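In what follows, chain A forms one complex with chain B and a second complex with chain C.
Up next, the complex of A and B:
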């Protein structure tokens, strides 16, 4: 049984006088023990909302969320609070997610005081110290306030705070996107090592393909609050079967100068207004591969390969399909000299 | 090169007096840019890349000041100009594209008024009709469909990608020779990023301008820039053609930065430690404490920028005591 099973998750936010934002639309996913599922997509695709729904920081309109077979949505408040020890979160902005007036050691101790109130002071202190050590922080840093730490150290505090209750699932909401490259590498290494040591499951929310390909085992691609494609990392990255995934991956710029950039695959226009979802395939208005029936037929996820699912009715896609798209004026890489 | 370089930055020092001492945010920075060339300035937070840009635009504000150096644009030293003169140069000769387009656009003016203001400030009297015509042409040139409608609207009605196109159009409206872009795509989604970068590249290469692109994104530099300036702790540590620097980094910091890019199936290489304080500047090389190639000399003697791979044919410079052959030898960054 997977650790996390989400089915039919749906959430919309009414905006006074300006319609309803359909943020998450019928999302189903699973995460095994020790596995990382990456949710990738552009801003407004609903990836952070899904993370918050799974943690029940906000309430879904419909759907089920099961951890270890327990349906989170049927839990009473006190039961939910107990369950929270098993599911933790690391946020994007480390400084903003830490109480500026609490010392680092107290920040990390707080979840434990809530979830294991019977713990003695000595045991509490030992657990805090051990957890700080695991993320590469020392006793001296435990005495400081968050602002006395660098961004990378602050994020280590965020990870320690998530880790100390010994969770099974950690939602990582763009944990490195505000950090410098060399610091990002340190944080990714910590996250990777912690997963190996503790068998943690990660829901890794990101828009950055390089960190996703480093951490993720499986990938779900989101567009307008809907999963367009889902599958093992290799399948999705090397053999994407949805025009949106293909456009997203083609936009990635590799820092390796020996890799020539992929041909830019442009979708026309921009992401439509989430208050008015398209009737058929959500990508219809922008898709260069569209056919008439895409306009009316709702697209459904279907099996494309081993654990690989996609919505495009034209899958398996052919590379030549994109040739009907007018090329952008130039492809990158034709530098002078 | 048959024509002189459009931009030549020589030994610029910009410092701030802080309560704890003098901070040299820009420490003897030199680099240049040719016409039809995109030069990337890379480095991590606090390396001085944004301060360098502000220094050459004459935008360093007190208590900060530029205390040495020259910024030659077409042979004219911008640092010797009066405030009024430099204000004229910004816009006329240098177009600026900021990271956040919504901060760069005035939220309470319609877009056409913002074009009108720029043109009026630089060219004096100008009729609404003629500024409007020029704005329409420029918006079309940056790929905005229905420019008339955009001109009559406000910034908040635009998507991020469209707003950044408007900012680029405003930066180009006076036909500047140099475009300075500070993280121009960082706030945008990846599918929009390539369109904006393609646009900037066309406006640079096809129309004979220079572009300085400040970024922390090595992918942007690798795939779009011709040359790169790598900065660390306020100094340039390496320069050269992107294709060479990224394939064979001569400075241990450049090498470490490239290896920090996470890749599937490889253990991510980390640069331990952090950038030293610019106040208690170490006596030798600023990178020594984090460097895997460190030798005794590095802790005593400040390395100067020197030619690297001198036999290579093209101009490369590095600020390091260690032989560059040794640094790049096991730099399997591109495997």
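Up next, the complex of A and C:
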């Protein structure tokens, strides 16, 4: 049984005066023990909202979220609070996520004070020290205020706080995107090592494919709050089967992702307004491969390979398809193949 | 235990640093404390409550340093003795306002239908000029010392509520509050451990600002004959007596208690300014 099972997760937000923003639309996913699922997509695609919904920091409109078979949405407030020892989060903004008036040691100790109130002062302090050291901080940095630490150190504090209760699932909401490149690498390494040692499951939310390919086992590609394609890292990155995934990978050509260049086509236009979802396939208005069927047929995830799912009804997309379409679509300003 | 001692040492060091960077806080506080000490402990040359009808409207001299008023009270003795009454009243009234206003403000910052109702009620209440309202209410309730404190509460509780509510509303959206919820902190713990320490700074500076105003309110009330009643000494009461004498050129009756009010208000404002500067430097 997977550690986390999410089914039919849906959330919309009222926008004052102008309809509802459909932020997350019927998202289903699973994460096994010790596994990292990366959620990738542009900003506004609903990545962070999914992370918060899974942790029940915001309430979903519909769907089920099960951790270890426990349905989070049926829990009472106090049961949910107890459950939070098993599911943790590391936020994007390291400084903003730490209380500026609390010392590092107290910040890291707080989850233990809540979930293991019977712990003695000495045991508490030992656990805090051990956890700080585990994330590469000095035990005497426990006396500092967050303000006195660098961005990378602050993020280590955030990770220590998330880890001290030995959670099973950690949501990593772009944990490195506000850090320098060299620091990013250190943080990713720590996250990787911690996963190995403790068998953690990660939901890794990112728009940076180079970090995704370092940390992720499986990838889910998000567009307009909907999963376009989902599968093992290699399958999705080497053999993308959705025009959106292909376009997203194209934007990362200069990273270490290697894809056949003939598959990298740009989409036309902008992301549609999330208050008015397109009919049929969400990508229809922008897709170079579109057909009339894309509008009329229901858009569902289909099996494309081993654990590989995609929405595009033209999948499997092979290089020949692309070339034909590319030739017929070629106009002035198109990138040369 | 050792850690505890170490920490209180650190707090002490931090307080010294604050006093060095913001000397206004130290100066203002010392002035207030000196005034209080003088009011309670300074031996007075004359009784502040028993007039000497034979020595009316004497100008300042070596016998009567600040002169005497039209009833024969020694102005120096009364000005000093008033500090023992007006300052504690102002402080108690302000602290009570904070004690009532801060939790109510935190409560009003929570989501829910009736936090909205509290705020609309406050709007109605605050659409009256509060000082006038306070004077009217105290006059109606009768001339008692507790009513002066109620007047201060009427003026200041809504201010504390609004201040704390708006601070809390912006804090509530902040990432570290979300992080606290994510680790399983109860709403009460979030309020106590995360909201409160982050609003206490502005509350403190508002408290000393409110104390300065409370001095003014007390003076205004006793000037109008509400609150402290003669022959008990109060700066407002003395100013009222002095108003009658100023037309005949007997300036000392009004100037000395007026200066006392000025110094007390300035001292509290200095503290408030210093605290506010410190807040801003921290951000």
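For this structure, a couple of remarks:
What we mean here is this: the second predicted complex is superposed on the first by the 308 of 337 C-alpha atoms of A that agree within 3 Å, B and C clash if a C-alpha of one lies under 4 Å from a C-alpha of the other, contacts with A are read in each partner's own complex, and residues count from 1 in each chain.
As a convention for this text, contacts are C-beta pairs under 8 Å (C-beta built on N, C-alpha and C of every residue); 3 or more make two chains touch, one makes a residue touch a chain.
The model shown is predicted, which means the values in this text are computed figures rather than measured ones.
In the superposed model, A:31 lies in contact with neither chain B nor chain C. Contacts of A:233 after superposition on the shared chain: chain B is touched, whereas chain C is not.
Note on chain A: of its two partners chain C and chain B, the one contacting more of its residues is B. Touch criterion met: A:110 reaches chain C, while chain B stays clear of it.
Contacts of A:67 after superposition on the shared chain: neither chain B nor chain C is touched.
In the superposed model, A:222 makes contact with neither chain B nor chain C. Within the superposed three-chain model, A:214 lies in touch with chain B and out of touch with chain C [touch as defined at top]. In the superposed model, A:101 makes contact with chain C only, not with chain B.
Overlap of the chain B and chain C interfaces on chain A: none, as no residue is touched by both.
The residues of chain A lying in touch with chain C in their complex are 55, 57, 81-85, 88-89, 91, 93, 96-102, 110-111, 114-115, 143, 158, 161, 165. Looking at the complex, you find that chain C touches chain A at residues 10, 174-176, 178-186, 189, 193-194, 197-198, 282.
Note for the complex: chain A touches chain B at residues 42-43, 150-152, 180-186, 188-189, 192, 207, 210-211, 213-215, 233, 247-248, 251-258, 261, 264, 266-267, 270, 328-330, 332-333, 335-337.
Per the touch definition, chain B reaches chain A in the complex via residues 36-37, 44-45, 159, 161-162, 189-195, 197-198, 201-202, 205, 216-224, 226, 241-243, 246-247, 256-258, 260-264, 267-272, 274, 333-334.
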